[in-house]
Every structure is written in structure tokens, then in C-alpha cells.
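First chain A sits with chain B, and in the next complex the same chain sits with chain C.
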Partner chain A sequence: MSEEKGISMATAKKESLPAHGQAAAIEIHGLVVKYGSKRAVDGLTFRVPAGTIFGFLGPNGSGKTTTIKTLLGFRPPDGGSAQVLGYDVVSQSLQVRARVGYVSETNSLYDFLTIPQLCAFCRSLSPEWNQQVVDRYIGLFGLPPREKVGRLSKGMKSQLALSLALGGNPDLLILDEPTAGLDPLARHEFLNTLISEVAAEGKTIFFSSHMLSEVEVVADWVAIIRKGKLVLCDELDHLKQTQKVVKLTYAELLPVSEIEMLRSLPEVKSLAQEGRSVRLVAQGNVDTLTQTIQTRPYELRDIETVDLNLEDLFLEYMKERTDDR
Partner chain B sequence: MPNWLDVNPRSGVPIYVQLVEQIKHALEVGILQPGDQLPTMRQLASELTIAPNTIVKAYDELANLGLIESRQGVGTIVVANLDGTLRKQQQEALFQRLQVLVRDASLLGISAEALNERFIDAIAHFYQQGGLQL
Partner chain C sequence: MIVKELIEARWKAIICGLLALVLVEASAATYDLLRPVLSNTSSLQMPQFLQQQVQQLTSSYSLYVWGNWFAKNGTEILAVLAAVLGAGLIAGEVSKGTIFLLLGKPISRERALLTKYALSALILFAVTVLSSVALIITAAIAGYPQQLGGIMISTVLLWLGVLFVLGLALLFSVLFKDVLRPLLCTLVITILAIIPGFFPNWGAWSLLGYWSSQAAYLGQSFPTKELIICLVAAALPLFLALILFRRQAY
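What follows is the complex of A and B.
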């Protein structure tokens, strides 16, 4: 425990410390969660490096919320294991909840309470509650301090939920679709506060979303899941640097043997051919790949390397999975 | 935030690469001068709404290039203009080309003495013409 704390404090103090790599805020090994006979989470394994803003992506019903509920100890796993801040999510779920701030998808706050009443309620549940911090965020968001929760707008409720989640001085924030239903301005304000107030302190932020554009802006790591299985988990910059589409136009139709040769190159993930044009999805050292292709004895009319943004990447991966079946 | 920074997170180019390129460009055109202070990681992350780690990565890369320096209590300072650093890199590259040339000459059976003679001739010829005439 003291080790985890030490790491997050060091990150907060020293500006130039790259937080990726070393410690894990979340570690998931072969996690399985079933609803009846259906596997909502099906052998999931990945880790969330401490100090990152980690975007957890997947289509609706892919198991994101179930994974989050398991991490918080709300749902026992049917197989595998998970640690949050070094604590086991099953046997140490109280410790997990004491160190983690959580904002749920629906932010189910009690509508009949006023903000101060809700704060008092949360304080009674959290051993490290800091009302000053909560008041500061409430002020920052300009929330009406005496209002009943039920009368707040959706955006205000999200802001209140975040303020409350930060009241326990968490080392890790877990947010389930935190900006769903917010208008663009409210979303921007919410994300901006996350960055400037939470991430800049060196706290880890793990948030699920299906808004790729939003994840692309704020996240430095991403994981994509589909049908309860991991599709990819990587640093976003690294993904963008290593995943490209290479478009080739040949002078003549390539023989099948050459197509097979291209397909067998280690950098080629998938290949699609239409007449004289060949489209490769490449992974790894794309320069090496294009050099190799240019030394082949088939005349090229054109070779073009295209960068992929997160949406392109997401769709490429989803396509590939569909092809698999 | 400096108004010359214009990051597009939705591009396929990693954000930290965009930051590095734009700060280098600001140095090239003189918007940034040695001694100037860069925004703090926190300011920039908050202004651009991007992960602080991304800024750290960009600043680390610029520091590795010898262009900026983080100083305790002062912040991040521009230490070199791109001219100096670029020139150094170009000179380095030139000396490497020289090594390749020597190797190629040896492969072609040109003796060290003959190559040396040609080299001295080339230098003499260049400077007899008056060197670079700009």
C-alpha cells in the first residue's frame, strides 16, 4: 500500500517523470464474469499503468461496465483475478473502494437530498473524506450549493458526481461513460477539470467510453474490448506510430504467389486486393515494409502510406475481428 | 497558451509528435528564442485538454534534442536555437559521409595515399577559387 502511495506522490511532485511503464494501477488476469451461461467478460487480461489517462473502449454490450463493476467488487468474478492499486478485488474490496473514486454511468445520486446532505452521506462512508476539496470542485463547477440533487441538470449531476468521487482523495478514478448525455460545452469542461485537476496530480484515470473522438483527445493509453475479450491495449501514440495503411498500385495484375508473399510479410496484418491495387494494414516498422515491397520485381505505379486516427484504428480492428469468424 | 500551438488530436499523427514539430518550427522562425519559457506541463495539458504524459513526452524529446531544459523552480526554458543544433547534426552527418567515402574508395582499390592526394587537391582547388562565394 505505502508503495502505491509513494509512486503517485512522486508523480505529482516531479513534472518530468514519465509515468508509463513501471507500476500498475489496475491488473487484470484472465477475468471471466458470467450472466447465467453468457460470458459478459471472457478471459480478459490487461494492465493500466499508474499515472495514465486510460480510455476503455468497446461497442455497447462488450463488457465494459461489467468489468468496472468487478474491479470495484460489486460483482464477483467467475474466473481469473484482478488487482486494483495492488489490492485483490475480491478479498480486499473495502481497501479498493477506500482508495478509488467512482463515477457511474447513470450517476445514481439520491435526488431528494440537497448537495450538503449528500456530502454528509458520502463523508460517513469514506474514511479519508475531505470536504474542502469537494467544496472547491463544487465552486469550480459553479454548482448551486443548497439545491436538491433532483433539480440539477444532467451536466451538473456529472460534475457533482466527480466532485464527490474526489472527496475521498483517491489514487485512482474509475469513470463509466462519464460524459454520456452531456452537451459539448459541459463535456469539455468536465474533461478539462479531469486533466488539469486530477491527471496533473499524477492520479490514474480509467474511463470507459464509446466516444472515440473524446478518448483520442484526452487518453494516453487505450484498450479496446469486444464481446468480453481484449482486442488491443497500447499507448495511443505508439499505436498511431506503428499502425498504418499502405496503398499500392501496380503496373500489372500481381500473380497469386506475390499476393501470398505480401500477406506473409511480418508487418502485414491484413491485405485486400482489387485489381491492380493492393491495400495493406501494416503494423510495426512500416518503413522497412515499404522498402521490402519496393525491392520486389513488380513495377509499382504508386505507393502511399496513410496515418490512422483512433476511429480508423478502431474500425480496422473491428473489421478484422469480423473477418475472423 | 501560446497561440502558435495548434494541436489536432484527431489526426493520425501522434500528439506529442505534433507538439515537438510545432515547437521546433517556432524555434526555426524565431517565435521562441533561447531564454524563453515554455508553458508548464499542467498549463498546456489543461489548455489543450490532453493527457499530461503526452506533454511530458514531447518535452522529453525536445530536451533530448538539446533544445529545451527543465530547471528546478524556474520551469522549462529554451536553451538552444535550432540553427546551432541543426548545424551540429549536419556536420556530424557530413563526417559520416566522409567515412563511407573512404570505405567505398578502398573497395574500388584506391590506395590511402592516392585518396589523400585527391582530397588535398580538392581542398586546394576549392580555396584557390576563393572558397564559398555568397
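What follows is the complex of A and C.
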């Protein structure tokens, strides 16, 4: 995706998003889901504010899809509770699915049906079906309106799945790895539509992904899970404001004692050294940290403070959890 | 959903329907041709009880047609169609991943399962009735008009019988995530449920004896017991499939 396109999407996102409401589109409390004796989701607790684009991140097998399946009633939880749009996911699953549009990870549609037949199938199962909306998105994506689904490309199927998910006039869209396997152009079209069309209508979008670059462009909230446990849940802008990368270049190689001293500073979350260069991930008051560093008796050639991107953040949290173990 | 199910099942239904028509025609039109050969059982190398059965079945056109269609070919082809249709109902959706499209919609699992089952049951009913109509016409053309009442009740029994196979296939379809295992399990259990009928004095333990009642076809008695047993046998696997599907995690 080009930088220009990325900026245009980010701008659209900022313009389209409503202020974060207090209501939660999804609320999860101590959710536990097991496969046999293995805990795929282990005490997950977080909330998705209504009207946001919420990126749900985690490595493969971290429990993202299992969480989504539980939210939609495909799997019963083994512990804890979850509400979607105020409805309990176990006892009110039908109400949940009536107000949620869902695009699955496998993105499987009935290949033997034509697009109108697939629309008719969805219409027969959705009480608030709006064919005009579906036709508009099909037109927007440029999909051949009477084509057999099996003849569509993977990107087209993703676009069709999104169009169909929007046909039921949902308040919440749950997308499980919606752009997996798409080429950059198809991914861009998909995400652009998501932001400029769907989010603009005030719908909440909850999507899982491990493509950090796309989440960074699209999402305004992120949650990271690892081995079924929540690692982080915060507003992306807040995360970027509170966490920075400080790049230090010294005139000479620092002694071990000084590295340990830097590591022990309260603002330093992690430290990586490569020759004369030191890279710090800092949290809190970064100005105080840089002032402290500059007072040390080691000659600094360069000091640079940059925003932490989502990839850094993700890796940082994954590393942190590994260190914890 | 009904249209989708019909489109999905159309080729299976058409192929099995055509095969059923060929078999029913063969059953109804070959009596005069095969009777001389089959009635001379002493020339055939077979156990004595089988010789008696063959002699009995070739003794009249009605018995020949009943034995060929309702007690053998019809049961077999319709059971295979029922197994093929039922095995794919849920397992087919799971293996292709389309189960998430279906279950993501605001319909109860019971409604989804029963709609699929009802459509397959209707297809089986259509093929069964069509075969019986073909049998009536062919028999009349051959100069052996059959009792309509007997054919009608036998058609209902045959349909209820294959609903057992359909229910069984549906049950295994809920349990397994691929289509092959439900199909094989259904066919094996169906064969096991039929096998006792091939042995003398074991007929009461064979479901086949209830699906294809000779007395009902010949109009000698109303098959109340057979109807009840076929209904219970058809309902039981469907009921179990419903319970399992409601609890199944995907």
C-alpha cells in the first residue's frame, strides 16, 4: 500500500469516526474456552467501545478465532461471560446474530450459487435484509452481479462476503482475518471501503488480523492476545503517545554497568544494544528520560525520539511475555 | 435456504432418480423374460431356503415386482441416495467452511437442521413416488395391473424406511467433519440393520422386513406395526442429531 493511500485512509478514518461512546459493543469478562484440556482462551477480559474500529491482534493460534466463534455462539464458553450489543452470547445468540454482520476466516461462500442466489439465501435468513445496500456494495466493488460465486477471485469473494455481511443492516461487523490471502490492491480496496463507507455509518468494526500494518492504518483501538490471554487493550493513539522509541548513538561502546543503569531507569521498558547504538522503548515521561541520559558521563553522538509503530509495539509485548515466562 | 438446498442436492437427486427409474422399469418389465429361468430353481446352485424364496417370488407378477423393487432394488437405491444426501447435510458445510456462513445468520440450529432434513426427505419422497408411478404404469402396460392401495402403502413404508437411513446419515454428519465417514458409517449400520432378514427365522430383527411388507403390498393386511416401527426408526436418529447439533461446537 502506498504511503499516500495510507494517509488518505487514515484521514478518512479520523473524519468518519464518531467520538467514542460510553456504550460497549462487546464486553468480555474472564472468558475461558477449552479444546479438550487445552485453554484456547484463558480468562480474557476486555471491552470494545461502540462506534470504533477495533483491531484484535495475536500470533497464529493465540485464540482470536476461538474468541470470535464464542461471541457468535458457534462455541459455548467454558467459563466467564460475554455480551455483544448488550445480549448474552449464550442465552441470546439469535439476537446477537441478528445485529452482527460476520465474515469468517475461511471466507467460504456457496460456490455453486450465483451472486443473486446467494443474496436470496442470505435474505431468507436475515429479518432486516436490505438488498439495496448489498447491490450498492457489489457495485462499489465492481463485482459481476450475476456471476457464479465459484468463478470469483479470492479478493472478489472477500468483497462479496463483506457486502453480504452488511446486507442485514448490522450494528457490529465482526471480521476474522478479512484480508488474509488478498493481494495489496484488493486489500487496499477492502480496507478503504471499510473505513470510508462502513465506519462512516457509525458501525462498530471488530476485526482480527496479524497484518500489523493494516491494523495500524485502520484501527483506533487494539487488543493483543497471546496464548488466549490478553496482553494489551488500549486506544492506538494513546499507546503511541505514551510509548516512544529512543535511539541513542554513543561515541564509544558503553560498558556493561552503564547498560544495566539505563535498563534500570523507570521509563525504560526494554533495551537493545547493537555496537555503539542503543535502542530504548520508553514509557511515561520521555523528556525526563532523555535529560537523564544526556547528563551521563558518556559522549552521545545522536539522540532521536520516534513514535512506536504497531509492529514495534506488538513485538515488544510478545517479547515481554516471553521474558516473563 | 430451500432453493440453496435444492440446487445443492439436484445432481444427486437426478442421478439417483434416473437410476431408480431404470431399476423400477427393470423390475416391472422383466417378469415374463426371467420367470422361466428363475422358476426352475433346481438348476440353480443355491441353499434350499433361497430356492424357496425365489420360487415364491416368481410365482406371481405382484410378488416378483414387490420382491425386486420394494424388498431389494428400491430399498437399495433409495437407501444409497438417503445416505449420500444425509452425509453431506452438515459435514459438507463443515468441510467447506460454509457452516460459519449458515450459523452466522440469525436462525436457530434446529431450524437449519430441520430445513435441511425436510428438503432431503422431500427429495426422497419425490423419487419414491415417481418410481411407484413408473411401476404402476409399466405393470399396467405389461398386462399385470397392480393394486393401487398396496403400492401406495408400500411406497409410504419404503419412504419411511429410507428416512431412517437419512436420519442416520444426518446424525453422523453432525458428528464428523468430513462427508466420507458419515457415508460409510451410515451404509455399514444400514447393512447391519438389514442383514438379519437374509436368514430364516431372523426376519423380525431386520428393518427391511418392516420397510417392505409383503402382506401390505398384496393388500392382505394394514401394516400398523410396520408403520410404527418405521416411524420410530426414522425419528430416533433425527432426534439424536438435533440434540447433538444443538450442542456441537464449531
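In this text, the second predicted complex is superposed on the first by the 248 of 325 C-alpha atoms of A that agree within 3 Å, B and C clash if a C-alpha of one lies under 4 Å from a C-alpha of the other, contacts with A are read in each partner's own complex, and residues count from 1 in each chain.
Convention: contacts are C-beta pairs under 8 Å (C-beta built on N, C-alpha and C of every residue); 3 or more make two chains touch, one makes a residue touch a chain.
Note that the structure is predicted; figures quoted are calculated from it, not measured.
Chemist: Now for A:Leu125: first (chain B), second (chain C), both, or neither, which partner does it touch?
Modeler: Second partner only, chain C.
Chemist: Is A:Tyr102 contacted by the first partner chain B, the second partner chain C, both or neither?
Modeler: The second partner, chain C, only.
Chemist: Output check: A:Arg75 vs chain B and chain C. Expected answer is one of first, second, both, neither. What do you get?
Modeler: Second partner only, chain C.
Chemist: Now for A:Thr305: first (chain B), second (chain C), both, or neither, which partner does it touch?
Modeler: After superposition on chain A, A:Thr305 lies in contact with neither partner.
Chemist: Once the structures are superposed on A, label A:Ser196 by its partner contacts, choosing first (chain B), second (chain C), both or neither.
Modeler: A:Ser196 contacts chain B only, not chain C.
Chemist: If we count contacts the way the header does, which residues on chain B are in touch with chain A in the complex?
Modeler: Touch residues, chain B against chain A: 9-17, 40-42, 45-46, 49-54, 56-57, 59-60, 63, 70.
Chemist: Along chain A, where are the residues that touch chain C in the complex?
Modeler: Result: residues 69, 72-76, 94-95, 97-98, 100, 102, 104, 106-113, 117, 120-122, 124-127, 168 of chain A touch chain C.
Chemist: Report the residues of chain A in contact with chain B in the complex, numbered from low to high.
Modeler: 15-20, 51-53, 188, 191-192, 195-196, 199-200, 213, 216-220, 236-237, 240-241, 306-312
Chemist: With touch defined as at the start, can you tell me which chain C residues reach chain A in the complex?
Modeler: Listed in rising order, the residues are 1-4, 7-8, 96-98, 100-108, 247, 249-250.
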